[in-house]
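We call the chains A, B, C and D, going by the order they appear; numbering starts again at 1 in every chain.
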Amino acid sequence: MRYLTAGESHGPQLTTIIEGLPSLLPVTAEKINYDLKRRQGGHGRGRRMQIETDTVEIVSGVRHGQTLGSPVALVVTNDDWKHWTKIMGAAELPEDIDPSEIKRQISRPRPGHADLVGGMKYGHRDLRNVLERSSARETTVRVAVGSVAKALLNELGISIVSHVTEIVGIKADSSLLEGKTADEIRAIIENDPCYCIDPEASAKMVTAIDEAKKAGDSIGGVVEVIVEGLPAGIGSYVHYDRKLDAKLASAMLSINAFKGVEFGIGFEMARKKGSEVHDEILWDEEKGYTRATNRLGGLEGGMTTGMPIVVRGVMKPIPTLYKPLQSVDIETKEPFKASVERSDSCAVPAASIVAEHVIAWEIANAIVEQFHSDQLPQLKAQLDEMRQYTKEY
Amino acid sequence: MRYLTAGESHGPQLTTIIEGLPSLLPVTAEKINYDLKRRQGGHGRGRRMQIETDTVEIVSGVRHGQTLGSPVALVVTNDDWKHWTKIMGAAELPEDIDPSEIKRQISRPRPGHADLVGGMKYGHRDLRNVLERSSARETTVRVAVGSVAKALLNELGISIVSHVTEIVGIKADSSLLEGKTADEIRAIIENDPCYCIDPEASAKMVTAIDEAKKAGDSIGGVVEVIVEGLPAGIGSYVHYDRKLDAKLASAMLSINAFKGVEFGIGFEMARKKGSEVHDEILWDEEKGYTRATNRLGGLEGGMTTGMPIVVRGVMKPIPTLYKPLQSVDIETKEPFKASVERSDSCAVPAASIVAEHVIAWEIANAIVEQFHSDQLPQLKAQLDEMRQYTKEY
Amino acid sequence: MRYLTAGESHGPQLTTIIEGLPSLLPVTAEKINYDLKRRQGGHGRGRRMQIETDTVEIVSGVRHGQTLGSPVALVVTNDDWKHWTKIMGAAELPEDIDPSEIKRQISRPRPGHADLVGGMKYGHRDLRNVLERSSARETTVRVAVGSVAKALLNELGISIVSHVTEIVGIKADSSLLEGKTADEIRAIIENDPCYCIDPEASAKMVTAIDEAKKAGDSIGGVVEVIVEGLPAGIGSYVHYDRKLDAKLASAMLSINAFKGVEFGIGFEMARKKGSEVHDEILWDEEKGYTRATNRLGGLEGGMTTGMPIVVRGVMKPIPTLYKPLQSVDIETKEPFKASVERSDSCAVPAASIVAEHVIAWEIANAIVEQFHSDQLPQLKAQLDEMRQYTKEY
Amino acid sequence: MRYLTAGESHGPQLTTIIEGLPSLLPVTAEKINYDLKRRQGGHGRGRRMQIETDTVEIVSGVRHGQTLGSPVALVVTNDDWKHWTKIMGAAELPEDIDPSEIKRQISRPRPGHADLVGGMKYGHRDLRNVLERSSARETTVRVAVGSVAKALLNELGISIVSHVTEIVGIKADSSLLEGKTADEIRAIIENDPCYCIDPEASAKMVTAIDEAKKAGDSIGGVVEVIVEGLPAGIGSYVHYDRKLDAKLASAMLSINAFKGVEFGIGFEMARKKGSEVHDEILWDEEKGYTRATNRLGGLEGGMTTGMPIVVRGVMKPIPTLYKPLQSVDIETKEPFKASVERSDSCAVPAASIVAEHVIAWEIANAIVEQFHSDQLPQLKAQLDEMRQYTKEY
């Protein structure tokens, strides 16, 4: 499968086309909208998030609630486009308009954003031409794409959930996850303002977010995605670019502001001995092969082991601050204190939703590529066979 | 550019084909062999590493020391192939041989390796069929590929170096890197048994490695790759799969036993405020745009900023231990204590070399894709133009 | 570059996303609409073509008439969608509706269409689920994509034109092309009902089309695309999948109903001697290297030679006939005479426009991949350098 | 699946790596060598073909006669490499050697070859650097790759055969094919000097080849590939770049000297009415859906119909002639009569073997991508299911 996205932050719409989905997969706007709403939630979002409610329109590839096998196109309209048509319109400027009169031009790049280098790369002097696309607004349609992927995973008995494990050094108690399924975790975090499993930590996170906001500063954190119900053997060790963990790492790092990724106990492996890291292999008649632990996060040799995938990503604090940073005007070359374009003080909860959806896509894609996936029924049957086969191996 | 690798650990040879290199690039076996040798070094390697000296043969695509523009094929012959021809040969078994008589068959999967899942996936009962390919032996040709990529980077004024920053919790003092160029770092670590910048930490690492070996255990660590001299604007923010950091993350995770990656100050960003994370933008007549710090590791919006790229990867302890782990024989279903196939107690220094080379490849590839790269002279001229253009922007 | 298309024939819209275009390229809806209109013209189109006038909306990636470097999304709305919302809507059917009551269901596959095999492949019993996507309606957005590609080629001094060389055995006199530039050819054929350079042949073609229509039959033909102004050296011989002619062949065969492709004198080469086929190489101070003839159609070794590319494709007669063909109802398994879904008797002129645009895309893509193409000015400068360099070689 | 090839015509070896093959596929050097030998046969080959006997060595990915799932590397050694080590060696020239003293340098590009443009593109003054790679010698390993693909097709009940249908205007009587299976056709043409089904036409072809040779000229022709036993539904109509015919066309045009391709009755469709072109759909209890004819060559909507694929390619006469063509020395800019590098007067029979193998690869690849293909037994079972399913549809 593959997908492309298009759309500027203040353009008329965000668009995505997904190619390669199996036919006969149930897909509805309602389910996608639910995920879009979760992306807009979480404590710490600015005003814009509260006034906009993103909803998707399915304009191709789905008929009467099921995929056709043909490409699926999704559109999320920008409600405030009417205020931006002159500023962002595709049409040529009328000849009697002086380009310098266009409103909201930007010549002052913000540190931590794509502004400066993007302007250099594409030859823009109005840095709006960069930030309209580099904005995390684009992740709206990536969530929509992931929501379709989740619909597929759901049909295949695979569950996925994300949660926030750390904000500005405040860590959730991971022991609270023990024994909980993905669905149980989701039920808990859905009602938490920080999408966090640990109410105590969450309360501290809320305070920290509010304080950061008051101080005109921003804070980052760590999100974790858990994928359950996978058969063993997705991905492959035979060639370096077919390893599933490499693909998941790439997906995580492709999210705006993400700067690191780790699987299982992750960087802790640098502090432990082999006998404390690897997961012993067990077998019994009923379940087949299992693992005593899951410190490797469900992946060995670039392949799923059948244990849950556990992957975390770190998000840097949002680079747009009220407390300004030093930068340089590209026209005057004068130093200035960087301006504010938007005002979230912490986007980690929202980003956890993005992470869930980009990981969902990669997992779904790996499955569709590996199996016969013209139609959902064929795919389902094969996953079942694979589970049975690996159990009996 | 693209490349494929082939070869089993005890097969006749490792092979790689690199397609898409510019013509007129100086490439010699000597330089590649030097990098292969570094991969075989470092404290903690087992006996096999000491007896084998990998050398490469260039069998296509290079003439009189320069690339032709046609695909480059590299071969690394396995010296002990003569002892394995019967066990690993490609020819059909003679009819009078009972397959069960083949020596060195394996029915006991090692935890932490691809053995079990690989056997399931590809339908093998002799798990040698898996481990011969999933072995880190394959990284030999990945280093060879990266060595060619480094020859290209070198021509373009780009330096790359890797070093070990942590082994089993012993951390090098990162302040020792300050003010040092990649070349200066290389000069120091080249003679260190752990490829570590900090002699005190290195001494402790050596001790830890020796102790792990004595205890029949293994230990992991963290490696860091630094890339200097890049122009701004390599990579792009316009589509999620064109972000350079996503590609580097994928490369790092594609190395055997790597379980995490981070850029700049990495996971520390989850513990800091925005005002402590982002790199302020400076400008002066002579240098153009620079940054006051490099906490983001040389990448913003998926693009190089012109500052050095700093990327780290975490390697788990090698899963093959003298101190055995619980596993299950796939034929008898009897539990057993997992056997030892090889005996390195710590491969982190060697893995740092692999990391350097897979990162070198991704950087070189990003440059070749972005610029006109039929011939080296064209490419060189364009990089120079890009540097001048971004300075004057 | 890459693009995806989505959209069913009677769905709300056709959509395409183009990723990888250089920034600063002038793109306007007007120019694209002009090409869409040409696609809808030509003698022999049915009623639907006359009532619909396709127009494009640029919803992303273009601001004030220029590309931003970010993905370009184009939408062509279907005017009669309002009559099809119940039949083709994405929403789930209300529970009280019996799926068998949906109008315009199809259980009778038409020979020559994707109906039967598409239904098998994707598990559809209502073959409308296939034909809505397999319809040539999709070529509307492929023309839109090609129109953007042509805008790029135009900036680079490259012209492209298509014309009809044969319909049901009536051949245009190719000597009329001699000495004419692409622009001159376009000026002539634009006003011809069959997009044919030869008025006499065109008149016969018109008659043949009318007769076919009267007889309830359909007819095919041959179209030719000519690309002028290319520098030498686009494409490469070094790997089989980098040959430009292989890519052009693939593009031509990807057009609905196309069944063959040939370059230069094409299949005639099977009837001639080498001394009559190859193009002798000339040189003079002013022009550099030229060819005495262009029998190979501008490509040698998978690369442009600097001579015009000449490529032809053959289109089968449209498979939907008033004069029905034998087929089988997939539900009853009863034989029947295949039904009519639409009524063009000849779509060759329209298809010539599609051919022009898919070839334009491949050429533009090959150039963008080969050169540094972040921005149009850089790309332009490099093409000029390439032309100068090859002249002085 | 994917593969890369490397190797210069007079270099030490040709190499290919095939990635993505299912495991447990029987592969032997003997079968590949048989196909390599067929490529070297056929009337009209020059002296070089007679002295060399290409044989393959399987150096990775196959153990005891079966694929492992890991990449397969194949090597074909050049026997006369020992005479070319100084001229073509990879090592840098010793400092005391003047590059102009290297033997067999070429400054005179041959019309119809990649020489001139290849030299421009990659900046070579010694055109040997081009022709060593652009030579059809490379097709040796493409045949080896296709031979492995054929081993896979064979396991899946799919047969493929190629034959020569025309040389310099002499056409084989196609009615001789009627009622014959691929295996029967192969049995006939294998012993024909022109790989032609029609002994009378073949005799004339032999004479024509001999006359061309005597006259110092060269001649081309048309080859046809037939693929039998395919299930319906391979390929897809849902996106333009997933159409199987587009991929086959690309493969055919990627063969050296091929300039056109057509399916079924091909360009004849431009001369016929729809009612004479399309294949009526039949159904009976026992066979399921069949077609009354196969004028479309087994493909509708970019998918296999279950009827045999019939695809033809046209090969231009070999551009290297004793009867020389006008060209220009790139150093002196003096006109000259183009020199002879090799001496085949007709390579059409050999090229038919190449065509068979590149088509085999594309078909095998399309199947492997579409189905679950980790292991051969899984793939086999699915093809059987697909055949049963489409029959019962």
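Basically, contacts are C-beta pairs under 8 Å (C-beta built on N, C-alpha and C of every residue); 3 or more make two chains touch, one makes a residue touch a chain.
Since the model is a prediction, treat every value here as computed from it, not as a measurement.
Any chain that touches chain B and also touches chain C is listed here: A, D.
Comparing the CA-atom centres of all chains against that of chain C, the greatest distance is found for B. Centre-to-centre separation between chain A and chain C, using Cα means, comes to 37 Å. Inter-chain centre distance (chain A to chain B, centres taken as mean C-alpha positions): 27 Å. Counting partners per residue, chain D has 4-5, 19, 69-71, 118, 121, 133, 233, 236, 238-239, 374 as the residues that reach two or more other chains. With chains as nodes and touching pairs as edges, the resulting graph is complete, every pair of chains being joined.
Those residues of chain C that touch chain B in the shared complex are 19, 69-71, 233, 236, 238-239, 369-372, 374, 382.
Chain B meets chain D in the complex at residues 2-8, 11-17, 19, 23-24, 26-29, 58-65, 68-73, 75, 88-93, 99, 102, 118, 121-124, 129, 132-133, 374-375, 377.
For chain C in complex with chain D, the residues that touch the partner chain are 4-5, 109, 111-121, 130, 133-134, 138, 142, 166-169, 212, 215, 217-222, 232-233, 236-241, 243, 245-255, 259-264, 266-267, 269-275, 277-283, 289, 291-292, 296-297, 300-306, 314-319, 321, 323, 325-328, 330, 333, 335, 358, 389-390, 393.
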